[in-house]
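Think of it as A, B, C and D in the order they're written, each chain with its own count starting at 1.
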């Protein structure tokens, strides 16, 4: 039995315009080093009419997260609401999670001492890490813990066109379903047959 | 290592519960995490919910483009600690492009101009405000006397608030010239 | 195992026993690995290799334009064919973490049995310890010792990643991992030099004529098993170095992720494979040089061994040295 | 913007000329996408470049830069041919459409194809779609305006909308997406050389009105100028101020500036690299005696110039370190609260102004306006307090004085209330609910009285005046050439006492038009006309009668006092089509155009520019940058998204010049300037043009100027300014530079 909501990201490519609002909001909210992007926006087929579209991606918080399976030191843990988090104090920065990840979510800042990969950093769905909730240490290591504050992850909240959706799967799919239903037709304002029967007025 | 992991697991339970049981989870998470540590006090509910206790939320408007998106600035003890989401703003609905999402860095950017400076003999030199303003106004007054007020041009901008641009126009008018302009010609 | 003494005529089997066994082992391993165990798309990997020969390293085998929009998006964002190699990387990793300890244990047992069968360490009876022969030049000693140290370090730190479940992660294993990358870089020239100086079979082609030759190249001739060890060191060392270097060099960058990730996965897989296989030969080398025979380590440290030692255990080396002296 | 962003959701069709809202106004673009999703609106993008907006559009029309007028005439040609126009609307509310019809007859789809490069079939398809989906909204931005015929372009677009009856409709209108956060506000306050705040102009009447309202003596104010002539003369513009410095040097344009060159430059917040001809700008900076730059970041002027002394950098506070109002693109005012105290030693802009005014001896005069109020008895301004509070008193001063665009309702108190309650407004209609009922968010001007709701949709006659309804403004007399300029019958806003057109309201005609009688006391207090009526009686009475104070007239399709009474196509000064130049010749040279003699024909006829410079040059914005980019390039997160200057180039064109993706290339302008930029392959530009983002500075003609920044102030991203190579060419009316669609030549670096 699933007692908790299953948290998911969804990026509506019909709306994403590569404004990078999500990625910069993420960078800024968690004060990330410049070299890494927990969230990135990519445009495919730049400039080709009919083929160009953009998409924002970060950690998708997979159900059966490959990163978690491949981590040699088992620094990952999956919350019951499906958010995949990791412990930076355990992580050794080997990068296996990156090879296993279908989305390129894990990020590796340069480590000051050796110039090689430091510990992995990735989207936490604004849920922090295993440290004390909203402690200074948690903020330093993982950034804000907005979920604990009862807030929406910052990327989706600041998405300029509301392309990026986040939340439990039912809410997300409800929103998207409504959009798809409306697409190409407009929101149905009168019941079927109304305009045929009585004209447009 | 093992102990730490257990702690993590415990606090995880608390965090997880939060989504459904707001108040309860706070206490649970905190006590769970610190039961074994023993030296730290339990976190207050305030701390769990609000990482910046006592902060104020100030409403303002993004300075990037003319859409006029709402910005909510979280300010703690006079420091802008966090940019919040203006979800209920009627135009932006909380949305920001990358420029708007980074408004906080406009203020705290490290490469801001920090004090008045003057270039003398090809070198930048720090000076005081009084010094700078005295020297500028003396030079302006001289030029105004010798070459007339039209020897000066004032370039304002859309960076101004409405009041500031009004006063800039007024300033030029009282300086005695119509040589004033900004970007928007049409 | 090492049947060295150069008897003039012996049967085909006894001459080539080592080669045949190793080849058989490889065939078995390949069959097991590539036909039974793997979940990678072998067809894909094969074609990927062919494509790399054309200079395309992205792993996108069919032309990008022939894909549907959705596929283009996937490829553009996340790289091509996640299901081709990545699941295998996961599987291989887990297999390593779970099975490698047993494999190593079996290998140890095998060497132990060989050791027992052999009846303990071989010793040379030295009656004139002061009568020493210079076997290794300073340069050779430096290279060999450094090689031993680095390989040892790489082995320990490398497997500290694999057996992260034992180390538990944290700061020290993290530094071990970081230094694995840096020491690996340092090992590249050492590996190259060792490859050159240990190429004893060079003497089949070139007559050793100068003292300089003796100072650079190791003396003596290979027995089949030692030759196999050398070849494994070269081949799998090469795989490890190339894959390791590329893994290190292609720093994870969100901008280029889609273009390089498939290649990196393949490289990681090669690194996995290389490290697992080279381990056996590493153990073999350690066994033949350090365990089964007494006195190698002092020899490689001082560079000199008693003449009697050579007469009894390595007459080929003595023969060669005397050849120089003549 | 005649409408507002949320209102775009009501549109059935959206046509976008020379704007790229997906990049420049991403948050505003959500309303476009919602229109597409919820209202099945069709988006048509007309642009030389396949932009991010075009990627979301239903139709993309690739047009040659500077040929929007032929394209729109082509649309009108089809509209009139098929009778798709709104006859009643044209009859009652538009003046001079006949002349437009005559001109439109010439522009057959084939001819449009010839000039614009848009296939005739596509024009037909797009026109049919746009004309049949009403209401349709027309969007434009700098892509339409930054041409030598920019002012004609901006008239052509409304004419198209007028012909279709899309003006004054929810979901229709002409929606101009302004650039910076307060372009609208700063323009309303007329930080401009040709008018006083509120577009009052520079006439004696305007000066006298302002002198009175500012509480200063008109004679004193006059005495501040060299003489009265220069008080009424338009000043230099941002686009050509450098000419005022360089005049007198060989080859430079002559100026008419009170007998002096420009010797001092005072810049507050204006990115100096935002205008064309950077090489000239640099030369001008070098020749100035004094440069004052007040900016939160180092203004690029300080870096560009080789001047050795008398450059002052003043750290101005950002808008988060001060408070005040800001006007969004839809004419809504929003209140900014101060977030933090100014960091470091920075001071807010007004303090810098006040300090300078103190030292120059007119501080009291400058700030007296804030101390003034309206005397109840006489309705004359008088001093009512001893000290002022910034910015509230300034806001109230503006509300008190500016009547032309109806800012009377914009008191600090109301604006603050709107900000505090911004959650009580609907996103589509901007209508307030709960305590904010009866007001529109931000009180979009005209907001005629202190209780007026604001006007979310301009020229909308479907709602009463006191809820934001109005006709077109009566500004140019009652008739012209014997044609009545007032609106026709049944075209007054709902609930109007007058059913039809009426003139602008003055003290003289108020009783007649409104059908009321004023009390003697009111007669004593009332101002001369609605623009200068400090008593507010005209506005109040008008609201009661449902009358817009500025009258109800016809929109002018024909502007008889402009160089082109109806918009005509004229090729850019540097046209890639020499064959068309003769046919669509530009204007003759214009002397004393904002104090400087400006060349038109003499440049266009000088030679066949396209031979030597065959490539079209388009500039534009990036999503992560803003204006001249000093602010955004100083943010590490934004700078990392585009760390260096580049040129978008079609692989086809690049290959012809041997330039590989990521290699450096030179771009040369006809004026002899050049920039070195990185080539970025993309198919978004066609092979005959390149695109340059306009936000970079810090390099000049291949030279890195980083060392010239004061220590620790260099932005994270520096690069060549695109405006170094944008061509000479200025609009005939407004002098906006022709930065879109000039010519250039490229070569491998």
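One rule holds for everything that comes next: contacts are C-beta pairs under 8 Å (C-beta built on N, C-alpha and C of every residue); 3 or more make two chains touch, one makes a residue touch a chain.
Predicted model, so just to flag it, every value in this text is computed and none were measured.
Undergrad: State which chains count as neighbours of chain A and simultaneously of chain D.
TA: For chain A paired with chain D, the chains in contact with each are B, in label order.
Undergrad: Just grab the chain with the largest centre-to-centre distance to chain B, centres being mean Cα coordinates.
TA: C
Undergrad: When the C-alpha atoms of chain C and chain D are each averaged to a single point, how far apart are the two points in Å?
TA: For chain C versus chain D, the centre distance works out to 70 Å.
Undergrad: What whole-number Å value describes the gap between the mean CA coordinates of chain A and chain B?
TA: 26
Undergrad: How many angstrom lie between the centres of chain B and chain C, each centre taken as the mean Cα position?
TA: Roughly 57 Å, centre to centre.
Undergrad: Using Cα averages as centroids, what's the distance between chain A and chain C in whole Å?
TA: For chain A versus chain C, the centre distance works out to 42 Å.
Undergrad: Two or more other chains in contact with one residue: find those residues in chain B.
TA: 1, 92-93, 95-100, 102, 105 - these are the residues of chain B that touch more than one other chain.
Undergrad: Among the residues of chain D, which are close enough to touch at least two other chains?
TA: Expected reply: 26-27, 30, 623-624, 636-638, 641.
Undergrad: For chain A, what residues touch not just one other chain but two or more?
TA: In chain A, the residues touching two or more other chains are 19-21, 24, 27-28, 53, 87, 89-90, 160-162.
Undergrad: For chain A, which residues are in contact with chain D within the complex?
TA: Against chain D, the touching part of chain A is residues 14-15, 17-21, 24, 27-28, 34, 43, 46-49, 52-54, 160-162, 179, 182-187.
Undergrad: Note which residues of chain B are touching chain D in the complex, please.
TA: 58-70, 73, 75, 78-80, 86, 88-93, 95-100, 102-103, 105-122, 124, 129, 132-141, 143-144, 147-171, 173-186
Undergrad: Under the stated contact criterion, what part of chain A meets chain C in this complex?
TA: 13, 36-37, 40, 42, 44-45, 51, 53, 55, 57, 66, 69-75, 87, 89-96, 98-100, 102-104, 106-108, 110-111, 113-114, 116-117, 119
Undergrad: Under the definition above, what is the set of chain B residues touching chain A in their complex?
TA: Its residues touching chain A are 1, 4-5, 7-9, 11-12, 14-16, 18-20, 22, 26, 29-30, 33-34, 43, 47-51, 82-83, 85, 87, 92-102, 104-105.
Undergrad: For the complex, which residues does chain C have touching chain A?
TA: 69, 72-73, 76-79, 82, 86, 89-90, 93-94, 97, 161-165, 167-171, 173-179, 181-182, 247-248, 251-252, 254, 257-258, 261, 264-265, 268
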